[in-house]
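You will see chain A twice below: alongside chain B first, and alongside chain C after that.
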Partner chain A sequence: MKLAIELVDVGKTFQGQNQRDFRAIDQLNLQIRDGEFFSLLGPSGCGKTTILRMIAGFESPTVGEVFIHGEAMGDRPPFHRPVNTVFQNYALFPHLTVAQNVAFGLEMEGVPQTHIRSRVGDALALVKLNGLENRHPRQLSGGQQQRVALARALVKQPEVLLFDEPLGALDLKLRKAMQLELKAMQQQVGITFVYVTHDQEEALTMSDRIAVLSEGKVLQVGTPTEIYEEPSCRFVADFIGESNFLIGQVIEQANGGLVVLVDGELTLSVPYEPELPVGKVVTLVIRPEKVTIHPQTHSDPLALQGTIRDVVYLGTDTRFVVQLTSKSTLIIRRQNLHPGKLDTFTVGEAVKIRVAPNSMRVLPEGSLGPEAASGVLHLP
Partner chain B sequence: MRNALTLERRWDLAIRFLGRVGLWGITLAALLFLYLPIAILVIYSFNTSRLNAVWRGFTLDWYRSLFAGIGESGADVITGQIWDALFNSLWVGGIATVVATVFGTMVALALERFKFRQKTALEALLFLPIIIPDITMGISLLVFFSLVFQLIQTVTGVRLVLGLPTVIIGHIAFNISYVAVTVRSRIAELDPALEEAAQDLGANEWRTFYRVTLPLIFPGILSGALLAFTLSLDDFVITFFTAGVGSTTLPVFVYGMIKLSVTPAINAISTLMLMASFLIVLASLALQRRSLQL
Partner chain C sequence: MFNRIQTHLATATNRRRLNLAVLVIPATVWLFFFFVLPLFMVLLYSVLERGTYGGVEWQFTLSNYERLFNPIYWGVLGRSLWLALFTTVACLLVGYPLAFFIASRPPQWRNTLLLLVIIPFWTNFLVRIYAWIIILRQEGVINVLLSSLHLINQPLDLLFNSFAVTVGLVYGYLPFMILPLYATLERFDFALLDAAQDLGANDLKTFVRIVLPLTLRGIVAGSLLVFIPAVGEFITPDILGGAKTLMMGNLVQNQFLGARHWPFGSVLSIVMIVIVLIPILIYFRVADEKLKAN
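Let's turn to the complex of A and B:
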């Protein structure tokens, strides 16, 4: 597989005031394949924009090396790199018209005027902005400005296109439409897209692969499905979508599965291959939509006992909060597919909960809080 | 009941009327206080009488006398001197403005775009010429020049004296600060991402500067230059200390003239300068408005 971008052992430390240094990126390794839509996803301050800026050449790594198409970038300035950026607030030149903005990069390359005109026309057609050539950026709506920024970067025909949260300033409807359009455009032009966002839904919608970042480190790299279904750690499970976390202790491992004791009163069986010692504390990740809720009359022997604590109607689905044990609660989402035919539950009602064993994910991490100590199993 | 209401309403209206009259009155008084002396100056520049105290009738003679002297031998000595002084002022203002604008802009760019250790100190130093009294600056420049001249004389044997060049240097010294402060506020408004975008699109540092930075901060540079020119044209104290024989600027000349004999020609030339300053300020305001729209 050909690599578009590779970061090898990259670290970035910013010198702060009063000699206090801030380590934004730490020992980062990342491989972005040629032609893929790759997202850098993480909360603000996780270093995702710094990574993008190091690829673009606005920052240089304190240690390590950035490779673009196998070539070490070193301290090469932005204007000598085969990448272009779509900036967060578009950064359109206010003193130039739309056409002049788009033509800027070609003029810098020394492309002859006649070629520039046709290429600018093509780029504006691609982003559906024909007819607005002579407007100034301030005369355009946010969505139109966004398209100009895109055309300005695309017209250079870069090998890699970098996006720094480009849809952040748009309203929700427009943002959703642009997400799909960007994805379609990426498939059409076949350029590698590196996309920075803090919006997990946006990343899931558009990306071929996602890197989840926190505090300057890559926590997990994978396809949207992998990231959602098989989170590598509690942070990823919590950041992508909604998750329930049950913390428990392994009391038995047999036949490719674990028996986990939660809160000292609830035993759950989950499939898990790797060896774990008995007594090890683990975290069970359970997605709210993978749990079903049933009336007390339900006769499944594996069902758990619970009490409804809260019911919230959310339109597409209903959210239940169910008390499982004295300490742990589960959030459950049920789609409102056939409103009239669904069982209704009220707060305080005793219910049965069904969690399919293979829909639970075991993370060999976590610790029992001090208050949980009473329920801890003491092993020889 | 109805009557009481109308009464209340009338009272309300009366108060409101009084308030409005009062507000207008205060505004008018303030404007009069500010502009009456200037208005009197302008009016008396059309006075037939040689004395400013009495009005004898309308005339354009004083303006005529200003222009009559140009290029003619044997023209009024005083008029000739006024024009010499005006040209000195324009020379000093012109050169000082150009030099101060270039350096002031460079300082502003350095302060806004770079991080360096002595930045805070430089910022404080930059404000100093604006804050310290003109008289201090004038004296210090005078002392500085005489020391430097002495040094040059002992080293090379060349004797230098005060003249227009020293006035120009003095004006550059205080104008750099004003230009730097004006331009800097404009650069601070500039989104750094614009320069990054230019570099990202293939422009090197120099092309980024003249294709993106310069056009965007140009209104700030121009209004800084206009400010510098006006200040230079107006300056009396610093010029007084740094000017030598034959290098009088208009304000210094007018001051000297008042001590000898007051002629309404001064009123006339002041009116002309007032008009010029007014136009410059208008141009500067228009530029700022344009820059706000961008």
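Let's turn to the complex of A and C:
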């Protein structure tokens, strides 16, 4: 597998005021494959933009090395790196027209004027901006400015294209449309995209692989499916999508499974291979859409007993909050597929709940990420 | 009902008009009595005969303008323009990097740094210029320092020449260059530097293609603010230039106070006004075309 970008033991420390140093990145190792759409996902301040700026050459790592296509970058300045960036607020040159903005990078390369004109035309066609060549950036809408920024980077035909939250300033509808368009464009031009975002949905929609970051560390790298279905720690489970967390203790391990006692009152069987001692505290991660809710008359021996605490209609689906034990509640999402035929539940009603054992994920508590706020959990 | 609304609207409009009038009346009165009227008097005096003890004789003549053809005055005019131009360029070369430095500091530092630029203003201009005599004269700070280090055998002639005048002018007018440059650079989006570098521009190209065009307004404004008063300077050349380094300002002063030739003094004033007007007109022409182009 050819690597587009490799970060080896990279650390970055910023010198702060009063001699207090801020360690933005710590011992980071990352491999980005050639031609993939790779997202760096994390909350603000997790260091994802710093990583991007180190790849682009705006920052140099305090320790470690950045490789681009196998070549160590060292202190090489941005203008000598085979990467281009689409900036957060586009950073278009306000005194130049759209065409001049896009042509700028080619002029810096010394491409002959005739070639520049045709390549600028191609790039603008790719982002569907033909006809706006002579406008100035301030005469364009946010979405159009975004496209100019994209064309300006694409026209250089870089080996790697870096994106620093490029869609953050757009409204929701436009953002969703651009996500799909960017993904399609990446498949069309076939260059490596490295995409920084704090929006988990955006990362899931577009990426081939995602690295989830927190406080300067990589918590998990994987495909969207892996990240969502098999989160490696509580932080990832909480940050990507919605999760229920049940805290329990192992009371038995047999036949490739665990029996877990939740809140001292409810026993659950979950498949789990690695050895865990009896008495070990574990966290069970349960996705709200993987739980089904049934009327009291339902006759499934594995069903659990619960009480409806809240019902919220959300259009595409309905969100139930169900009291499962005296300490824990469970959020359940049910798609509103055939509204007329669905059972209706009211607050206070006793219901039966079905959680498929293989849809629960066990996290040994040692892998708990930073404490994340969760309205579901009430630990003693 | 309708009538009452109409009356109300009318009074609201009138009140707005009145407010606007109140805003401009003081400036208009001031400008009329202390700018338009004196300017008109200068124009009038320039075509009248000189009075024996100052003042004018009410007799039309163009002879005052004919005197301008004397090469002596061209020399003074040339020196004024040259010194003012040199001062402007020197202020730009010193002020631009400094303004750039201040504007790129974290916001909490900028005001302090700007204050340091402005602080010298709190001392009287005359005092500050006299201080340069102490620094530049033969037994002055620089000469004493250099000879005590045995770098020179004889004291350098630093005072009462064009060099001293230029030093004084650059020193005096530097803040007028820095402040408008800072105002422009402060609004400059430094992310554009990253963008330019990312697209392959080295430092020099980034400066020439991005920074310079986007700060041109500040450069022009600062240059005008330095050049215009520098052309008409008379205190600095009077104190630091000695008798040899006359500028237009000194000439005008001489004609009115020394030679008591008010009409010729007026002619020289008009020449200066015209000289100063030319760069301003060019500036407005350029700015106008920019506006139309956008």
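In this text, the second predicted complex is superposed on the first by the 365 of 380 C-alpha atoms of A that agree within 3 Å, B and C clash if a C-alpha of one lies under 4 Å from a C-alpha of the other, contacts with A are read in each partner's own complex, and residues count from 1 in each chain.
FYI, a contact is a pair of C-beta atoms (placed from the backbone, for glycine too) under 8 Å apart; a residue touches a chain by one contact, two chains touch by 3 or more.
Worth saying up front: this structure is predicted, and the values here are computed from it rather than measured.
Asks: Chain B versus chain C on the shared chain A, clash or fit?
Replies: Chain B/chain C on chain A - steric clash.
Asks: If we overlay the two complexes on their shared chain A, which of chain B and chain C does A:Phe67 touch? Say first, second, both or neither.
Replies: Once the two structures are laid over each other on A, A:Phe67 reaches no partner at all.
Asks: Could you look at A:Arg152 and tell me whether it touches chain B, chain C, both or neither (first, second, both, neither)?
Replies: Once the two structures are laid over each other on A, A:Arg152 reaches both partners.
Asks: Look at A:Met108 in the shared chain and tell me whether it touches chain B only, chain C only, both, or neither; answer first, second, both or neither.
Replies: After superposing on A, A:Met108 lies in contact with both chain B and chain C.
Asks: Would you please give the residues of chain A that touch chain B in one complex and also touch chain C in the other complex?
Replies: 56-58, 77-79, 83-85, 87, 89, 91-95, 104-105, 108-109, 152-153, 156
Asks: Looking at the complex, which residues from chain B come into contact with chain A?
Replies: 191, 193-194, 196-204, 207, 211-212, 215-216, 293-294
Asks: Which positions of chain C touch chain A when the two form their complex?
Replies: 189, 191-192, 194-202, 205, 209-210, 213-214, 294
Asks: Considering the complex alone, what residue numbers of chain A touch chain B?
Replies: Touching chain B from chain A are residues 56-58, 77-79, 83-85, 87-89, 91-95, 104-105, 108-109, 138, 152-153, 156.
Asks: Per the contact definition, I'd like the list of chain A residues that touch chain C in the complex.
Replies: Chain A reaches chain C through residues 56-58, 77-79, 83-85, 87, 89, 91-95, 104-105, 108-109, 136, 152-153, 156.
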